[in-house]
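The following pair of complexes shares a single chain, chain A, combined with chain B in the former and chain C in the latter.
So, the complex of A and B:
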């Protein structure tokens, strides 16, 4: 068995064991423990704080706080476990009050964004590698501009070199906007490449009207369209990997703030309960 | 249309003489003293006459008392002959690192690690006053020509074991020829000590055409180095002293390829002239195995015929051998002998020891422990018409893929002992590695997450801590050196004078020059209003706990620092 599969297998077994222990333990202890909700609540808070601590670990790489990969593994499995803890804490039902409702929505959003982010960060790297021509995210606008300038130059030069405006007209009509536009994020996230495909079809169709010199120019334009499509795809995918954290992390901090209010409210409204 | 082809001058062997100011009078003087006086000019070919070798590959240098000539542990491409005065050789354990301008090894204390939370500078590349000044004795001159004088020489001499060497003696020839680190620190013992510096190419040619000098250097090598070199190979460790001396007496050593491979390896790679077929063969597949080749330094490529070319099976670095399997097989089965099963070719530069077959059969193999011997050859090796080359040599070519093997070899990545390898199928391009590096190194990352890619594996532009660290050749102050604790290549900021020789030498573009700033973020300038620059590179976070920050910061197990001199770990890493 490959080490990664082994690790995943071991993690899943442990997670299932922990969840089973949680559910059974809760079922056994709930009738006899008066403050079970408080106990699971504090446990959930501790788990949430631990999950949030991963972000702090990332910010302090020079402190000997362990490897990020171990933290991520723990983050993922403890995160899954927290779902079980949340269900137990809420009594397997959606909260009825508006404040608790918001809290539950926030928790669900954080958990879902985490799971989706993990899935996305496992899928996207392979797609990025398949793009080829690896470009660092910050350099993408520069490469895009270079491609646009090259395409424009080719179209302009073709008027003189081929004694025809066919390619320049085509460029003005179909390509100029394409090279300037950053492209549809959605298309690249789902991987349809529709815009580029249509342009390539149009370029192929144009080819039958051109002579040998014009075809040479067209061939280079085809390459530029393909390269632009690849750059757009890299941009969309790399952006998505950054964007999901901009969802997950603010939601996490919002959740912590609401949790703090939740604790205050719980203690406020429980004053005197059980003291009589 | 003008179709005239402009024919340029082909670059010549001596386009860049070591000393353009080398005058005829100096040359005549050299030819009047031993050993050059005894050399027969007739034994040199017309295209490489003795006078031209001396004129182009030599220079006369003068040192003052206490001036450092070579440092133990440094790499150098020149040998020296004492023309006048004397030098002092510091015997082991040698001078302390600090005296030689090196960084004292050691980690930060736990308190200092935590104190980085509030002590780290807000601006990039801030240097303390200590890091801006030179702590290596007195520095004279600028740039690559800077010279270092040790302070309080009488005390240093008194506290260390030293010997004095006088006129007519050679030193540094073994380090220059075998590309091994200098074994001793040598400083000028008298004022106006006059040395003849001979660069490697010249020394090689002198040895080639002059039997007397060759015999002299050969004797020195056998006396000082060969026995220890043989002892470093497990196969010879069971031999007693007498047996080892018999082996040493019949061992031949050779140097192949171009010592200066690093300077133009990228050009070679682009032109395709580094294809295995064009590399100098050391031993050829199908030939009678006349001896075992032991790689002492540098690298060699193991190839096997495939279609009309040569396919790389593995690369061999220092400590590896070629031909042992065949010779052991023939020794065990004299009735079923086999020729060399693969070829050995030079990549860049290779220094080898060659032990003839009869010596192996008579002295080495009979008592060799089974653990030091290679695996037996397959039973059908003599009859098999076509053996799949990918399955041979540990199957590395098969496990990591022939494309990746060729990629690592042609780009010389086997040189790295801590190469930054990124699995792009797992890397989310989050740049946590880059940020972690910047956080631990003056707010400026010491590498670029950028570099060549093959089979989804990227080798980033980070210092690889090479086996053959060409960056260390020519550092005038010894600021770039191997760390005493782990052998990693590090730069002492206090003694770096920003001459750029290391950055220019590094073939992997892993060293960057930065402009130093003060604590307020302003650039530090010298008296002539020029910015103070320092060389920076990855130091593997030697002063931090837990290993390189980049590796520790990767959440997805995509980045690792790997010793690529052996392919075991890479294969395992890829097979996760």
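So, the complex of A and C:
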């Protein structure tokens, strides 16, 4: 068994064991514990704070807090565990009040975005690998500019080298904008490559009217178009890995704000959970 | 798109800083500058190069040389100015926020929005609607409850009737939360139920108990008083849900609590544990066990003790001599048919219980209290020994009255001579049969077995000629001849629980009451707990939660 599979298997077993222990322990403790909801509530808060700490951990790379991969693993499994804890805390029912409803919606949104983000972060690397030469996200504009400059140069040089403006005209008409434009994010997220395919079709159509020298230039342009499409796909995919955090992280902090107020409400409006 | 000139020197290496808050304004064009924006987002635009002064040996003035890197176009044609300033001043860019920076701002924005939503929601008149976890139960809402809360509790609003915080300002909520009992930082909220003499929580006493003043007690030996809200879960819809078994198990499944309760119960007089009984109701009081009712159990079907009424040695206080097995057997017949339970036990108006068994209604048809086999229409009165003696001592008058009624029914006049003759004849016959009148009285009152006294009577008729002692406990009395113990038939047997016969009407009586083998009225023929569990358990078809039979509160009379 590969180490990754082993790790995932062990993680899943631990998670299931923890969830079973949670449900079973809750059923066992509930009869004798004064206020079970307080225990599960504080536990849920602690878990949420731990999950949020992963974001803080990334801001403090210089502290010896363990490597990010371990943190991510823990973040994922503890996140799954928190769903069970949330269920137990709410008594397996959906709150019907406005405030508690918002709180539950926030938690659900954070949890769902986390699960979807995790799934996406498993899918994207495979697709990036399929793209070929991987480029660092921040350097993509530079590579894109280089491709645009190279394509422009090829088109301009072809006028002299082939004694024909056919390729240059085609470049101006169809390719100039393409090389400058970052491309449609949706096309690359979905994986249709429609724009690139349409351009490649047009380039293939053009090829029938070109001589051998021009075809050589055109072949190079075809390669550049493919490369640009690959860069655009990398950009879209890498951007998506950053964009889902725009949902996950802000909602997490919003959840913490609502949770803090929830605690004040619970204790402030407590009808007396017991006696001192 | 124009190709901008780098602002502060070209990028020589693929040095990217994704964690920085700002990126060069030219980055989107693929031409970020080497140094990048300042931490505060400013463009450190400066001459493209740092001209270097080159001096040839012996030369005094020297020559400024352009150092612009090749990536940014190489040395400029004009070169530096004579003063050493760059000849191609850079173009200042507008640094852009990095994705991380934007995400941070979005996060701050969302947090600010969350706080704003909270403040808005809590600031308006819809504050209570916003924070309420769910609909309040019907009795605890509406204008009537609002008036009640205002009058009895001086509450500012309906919520304030139960929640002190609702009577304070928004800013005081945090302090109220800190002062909660137990507070949010108190470890008491995690502790297990511990024995100890504790009153109800302040909030219960100050709110719930004001209106529900008779609901404070459970049992006098309770060592862990829960707040009302532990069992009565408000904000669960218009109808407050029935307390769950879990709440009962909080104490009844905890050995320490039960041991403490048992210990405490020993110091309290048993009478204080008796539930109040409605006036006129006859009840059977089960003696309190020495350790109290402190058995450990989690549910009715799991560990619930046997009913106290079935404690060994307990007897029905009914002094009647009654044999259930005989009456339901083959010997006794009513109208040619065997007796059924319903011939004597009929549901009361509500169907919850049974009407008391009465002599005139349920017994007289067989036990008619006749004493003269020649004139069976003469019957003794029931219920009073003095009345019986009175009739027997006035027997001549009874015969005369009987004869006059017979003649009247035949349409003949009742002549005194004929009445006297009839009376003399029968009194004489009775004297010959029973001896003196005193002897007749004793026979009528003390005869326990008519078969022995009057062996010539048929079995069917024997019952009609039984003495008082046949059914009753009769003790001789010098002045009153005899005292008949009045039979006591309890209306309720198990005071700690409730039972509804109507809801069990589909069951055969004998499936619960095993009276076929009961030969004495002293037998307590109530079903055992095991019998009830047959149905009252999960999957048994009947409800099995504690509140099906029990009420937590030991209601006191006002």
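Keep in mind that, in the parts below, the second predicted complex is superposed on the first by the 262 of 276 C-alpha atoms of A that agree within 3 Å, B and C clash if a C-alpha of one lies under 4 Å from a C-alpha of the other, contacts with A are read in each partner's own complex, and residues count from 1 in each chain.
Throughout what follows, contacts are C-beta pairs under 8 Å (C-beta built on N, C-alpha and C of every residue); 3 or more make two chains touch, one makes a residue touch a chain.
All figures in this text were calculated on a predicted structure; none of them were measured in a lab.
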Considering only the touch criterion stated at the top, classify A:137 as touching first (chain B), second (chain C), both, or neither.
both
Touched partner set for A:83, first chain B, second chain C, both or neither:
neither
Looking at A:98 after the superposition, I want to know if it touches chain B, chain C, both of them or none. Which is it: first, second, both, neither?
second
Touching partner for A:74 - first (chain B), second (chain C), both, neither
neither
When the two structures are overlaid on chain A, which partner does A:112 contact: first (chain B), second (chain C), both, or neither?
neither
Report for A:19: first if it touches chain B alone, second if chain C alone, otherwise both or neither.
neither
Does chain B (first) or chain C (second) touch A:263, or do both, or does neither?
second
Of the two partners chain B and chain C, which one touches more residues belonging to chain A?
C
For A:3, decide between first (touching chain B), second (touching chain C), both and neither.
first
Between chain B and chain C, which residues of chain A are contacted by each of them?
136-137, 242
The answer for chain B against chain A in the complex is residues 110, 113-114, 116-117, 120, 424-430, 432, 435-436, 439-440, 449-450, 453, 456, 458, 544-546, 549, 551-558, 575-576
Touch list for chain A against partner chain B, complex:
2-4, 58, 60-64, 66-69, 71-72, 121, 124-126, 128-129, 134, 136-137, 238, 241-242
In the complex with chain A, residue positions of chain C that touch it
1, 14, 16-18, 23, 27-32, 99, 102-103, 106-107, 109-111, 113-115, 118, 121, 129-135, 159, 162-163, 165-166, 173-174, 176-178, 180-184, 186, 188-193, 198-204, 207, 225-230, 234-235, 246, 249-250, 253-254, 298
The answer for chain A against chain C in the complex is residues 30-35, 38-39, 95-100, 136-139, 141-146, 148, 180, 242, 245-246, 249-251, 253-254, 257-258, 261, 263-276
